[in-house]
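Remarks on the structure that follows.
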Amino acid sequence: MGIVLGPNQYGKAECRVVRIVRDQPRHELRDVNVSTCLWGDFDAAHVAGDQSRVLPTDTQKNTCYAYAKEHGIDQVEEYALVLGRHFVDDVESVAGARVEVEEYLWDRVVVDGREHDYSWTRRGDAVRTAAVTVIGDAVWVVSGLHDLVLLKSTGSEFAGFLKDQYTTLEETHDRVLATSLTARWRWDGTGHDWGAAYSGIRQILVERFADVHSRALQQTLWEMGRAVLEAYGAVAEIRLSAPNKHHFVYDLARFGLDNPGEVFHADDRPYGLIQAAATRDGGSDPGPAWELSTGFA
Amino acid sequence: MGIVLGPNQYGKAECRVVRIVRDQPRHELRDVNVSTCLWGDFDAAHVAGDQSRVLPTDTQKNTCYAYAKEHGIDQVEEYALVLGRHFVDDVESVAGARVEVEEYLWDRVVVDGREHDYSWTRRGDAVRTAAVTVIGDAVWVVSGLHDLVLLKSTGSEFAGFLKDQYTTLEETHDRVLATSLTARWRWDGTGHDWGAAYSGIRQILVERFADVHSRALQQTLWEMGRAVLEAYGAVAEIRLSAPNKHHFVYDLARFGLDNPGEVFHADDRPYGLIQAAATRDGGSDPGPAWELSTGFA
Amino acid sequence: MGIVLGPNQYGKAECRVVRIVRDQPRHELRDVNVSTCLWGDFDAAHVAGDQSRVLPTDTQKNTCYAYAKEHGIDQVEEYALVLGRHFVDDVESVAGARVEVEEYLWDRVVVDGREHDYSWTRRGDAVRTAAVTVIGDAVWVVSGLHDLVLLKSTGSEFAGFLKDQYTTLEETHDRVLATSLTARWRWDGTGHDWGAAYSGIRQILVERFADVHSRALQQTLWEMGRAVLEAYGAVAEIRLSAPNKHHFVYDLARFGLDNPGEVFHADDRPYGLIQAAATRDGGSDPGPAWELSTGFA
Amino acid sequence: MGIVLGPNQYGKAECRVVRIVRDQPRHELRDVNVSTCLWGDFDAAHVAGDQSRVLPTDTQKNTCYAYAKEHGIDQVEEYALVLGRHFVDDVESVAGARVEVEEYLWDRVVVDGREHDYSWTRRGDAVRTAAVTVIGDAVWVVSGLHDLVLLKSTGSEFAGFLKDQYTTLEETHDRVLATSLTARWRWDGTGHDWGAAYSGIRQILVERFADVHSRALQQTLWEMGRAVLEAYGAVAEIRLSAPNKHHFVYDLARFGLDNPGEVFHADDRPYGLIQAAATRDGGSDPGPAWELSTGFA
């Protein structure tokens, strides 16, 4: 068995592009972190050190900034689409491209009840994401968010679980449930109202977390995901990844104090990690839409 | 010159205490990170290994959790005060104590226009802080915040500065100004309406950042600090620390594009670090109020 | 198209297990971070909230600690194998398991030229990893490392690359090349001398980085990977992920100083991200060996 | 009481300067993170927005890179000294300066038993530091290290401590002791053999940690500090800051297993934080040597 070059890809990671729209007195702000990743006919670059087909990652970076001017960054999905399409269409050696974008959201400053024209505070409650994969004429768009930190102080239980010789956990019918949610939803087709959908899906996720009486984080995730698919017919699949950020009831009985779910220690590690998807029976081909550049090696 | 024990202190750092108030259907949530630090008659522990006067850091931890039940955590300043007072008054070997608290703020989930009784999303726009120092009968309270990220897309200039042989920076009369603000304000006395003051001072800082035409970050900080002292007579001094998070205009002329302040690269390092205080002429003695446990060694 | 449960998995992440072997005066230390991930017949847990087939993540945590006593942690691959095999064989509802381990390496303290029996300093130059996947009777073992930071101050060039309208990078025949390497190698079969192979492969990677004249990071990675496959016949494939940590020559000509590759600015972001594999023509089926729990959603 | 400008300072933080010495085939590498901080006659910059006395932080950055060429970075203390002296002597408005440097240490790659001329792996076991304060003609030099992670698996106890109503910790005569040490030592005068002293002091700290039977971390720190002062007469004072990184014996009795100090959970938070200094009776004036720019606000 000879030794051969296996899967390979390359790009520029974490370009911190900030775009101001300032043709009106009321400015607009887009603050993104964009990463590109290309694959194709790059064997010679690896095996022979021949760079003649390699578009430098520095050029990819320049393109991200230039496209922020030429095409704007109104919706991160559209920005990623034009970048991905460009690399595949305009660079002969490129067979496929993935463009991933994180968007940091900002709130306009309010002074004396009026929104300020050109000042913002950075919101910290979730990062909006888009990951676009382009291969030849095909394209997959996955929108999402991460670091949406949620907590409910009741309405959560965990009981009736499987027990073996290493099980010591006590059943509970009232606990704190907390997570830092990552959600990614895959679209059928393009041209959707990305921004409205982002807000709508974020709200569904939060509402379902709050309103579903949880018998386990698995069940909560399923109800969140199902509700999104019910509300958005163009969403083909949604994947949710949720660390179970454990809050342990602190033992105060040792000090003569009772503690009926009032004082907790929020632990860092280890944490449960619950991951589940809701999809459609007989739905569209996901292709490589879910693959992440960070998951390669 | 003989070798002697120098300054020393010890405590438990980063107790992650979460307190739920649940005697009503509408729960309340306090989420804090509390650190204790004690000093006093502890020479024997160092020099002779004699622990008989040492209150274990494990006990200090237990006390933080027990006091969350016994005294609650309505305002972080009050919680830190009762903890600090306890260590100094009730432990004979303790001469002084500092208790530092970070509070993570949460927004109540809204479902169908109604605030949810027991579900929250974690806000990410700033962490509220309190640092209380107790020595004998004296006490100093310093309130504050950190990670308040601010950006204005115009209304900022930097020109007329000193130039030497290493100066290459071009003067500008229109730039992006961005920072991640740390603010700490020292109170005269105690018993203030801590929560209302926190909201009010945060708002003043944000408004002044937005409204002051900035000729330098130094000037902006001074105007922010001065406005807080003018509005809150019980605030003796305010200290502001502001990294200048540089946004560089990206050179698009190389691609035949103009860039009149529209596309920027947000750089990570290095950053300017501007620090300034506003205080009162002939004001109260700050004592050791500003000293931080993290600044010891 | 009905809405159905899609892929799902769950486990306990980041159990910080430390194992001391102390039956001799000279102790041994193993310091690991272990994560478990299970999948199988868990539809009812999601859809109906029925936990009767769910082994709690708390139990998985207990098992990691108990197995550290019962089986030891001599080699992280063996430790992961017995854990993975246990979950699949002993828990009826589990179809597959992945166990991932990071090992933090320590150097024994040397006092007066003699190795100390029970004191260590933590080495920081790379973290050793193992990822074991068990499905029914099949098993895949992937060993590796991450955070191996490498730099060469010459012997690296980048020239002859593709240029388009966004290309401004100048060609260079002498540059600093630096990366923080992640490497993962998939084994055929089990029972290998894991520890010796780890040391040997780490050394090959470092030597190839140093000795290969680099015409691009792609070429360097290929030469590193190829050399590993040549030396270790039981390694089926190796995947390398390498951020190109850019070191920019600082422009000192503005101050009347020349700078022939002597003073650099080490930039944080963006960075190139180069990823490549060396594999065997007609080699073994990788199955799901490369899939990472963190890459799920 | 009028509102006045209080303490203020400014500078450029975290310049990532890499210096290659390449006039011989065997290159040398210095990899540092340097921060500058100036104070003096800057009232007008704050109060009136007048920048005419302000040396831009961009200029300070340029100076750090230019001095790496002009003066080299053989020893970080000398590099910081020439920078600090320059700002105070050559910029009229500057009364004082602090220059702080972190140095990341690298090991030369060894190929076939020979050290490579121009390739390194980054060592991770501690970061070397220097902090120089210059005021007029006076100067203070503080050398140090941080992130030196130490663990001993026996030879440590904690017993005989003070108990109150919140004490639940059990006494132990055999425990794991682990910390991530920060040490900073203040010199009398300048012109010392900085590099040899760094290696020597690091070795003393490690040896004392290993060899002293610990009755508490306080005692261990004192013995470490005392030994440094005994060995280095020019060291005026040493300050040690040591998080007690708790390793808890895991309760395996629940699974029918005994655990005589063999399996531990390494916890993240909270941690003890023990800080102590060894100094000389009647020693030199520390001035503002210990003050850190990061401890300002």
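Note that the chains take the letters A, B, C and D in the order they are written out, and that residue 1 is the start of every chain.
In this section, a contact is a pair of C-beta atoms (placed from the backbone, for glycine too) under 8 Å apart; a residue touches a chain by one contact, two chains touch by 3 or more.
Here the structure is a predicted model, which means the values were calculated and not measured.
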Mutual neighbours - chains that touch chain A and chain B alike: C, D
Pair sharing more residue contacts (C-beta pairs) when A-D is set against B-D: B-D
Relative to chain A, chain with the most remote C-alpha centre: D
For chain C paired with chain D, centre-to-centre distance based on mean C-alpha positions, whole Å: 30
Between chain A and chain D, centroid-to-centroid distance (C-alpha), Å: 38
Interchain centroid distance [CA atoms averaged], chain B/chain D, Å: 23
Of all residues in chain B, the ones touching two or more other chains: 15-16, 62, 66, 166, 168, 254-255, 268-269
Residues of chain B that touch chain C when the two form their complex: 165-166, 168, 254-255, 268-269
Contact set on chain C toward chain A in their complex: 1-16, 35, 37, 42, 45-59, 61-63, 66, 90-91, 93, 158-164, 166-169, 182-184, 214-216, 218-219, 221-222, 226, 229-230, 237, 239-241, 243-244, 269-283, 290-297
Chain B contact footprint on chain A (complex, rising order): 15-22, 27, 29, 31, 62, 65-66, 68-70, 106-107, 109, 111, 116, 118-126, 147-155, 176, 206-207, 209-211, 247, 250, 252, 254-255, 257, 259-268
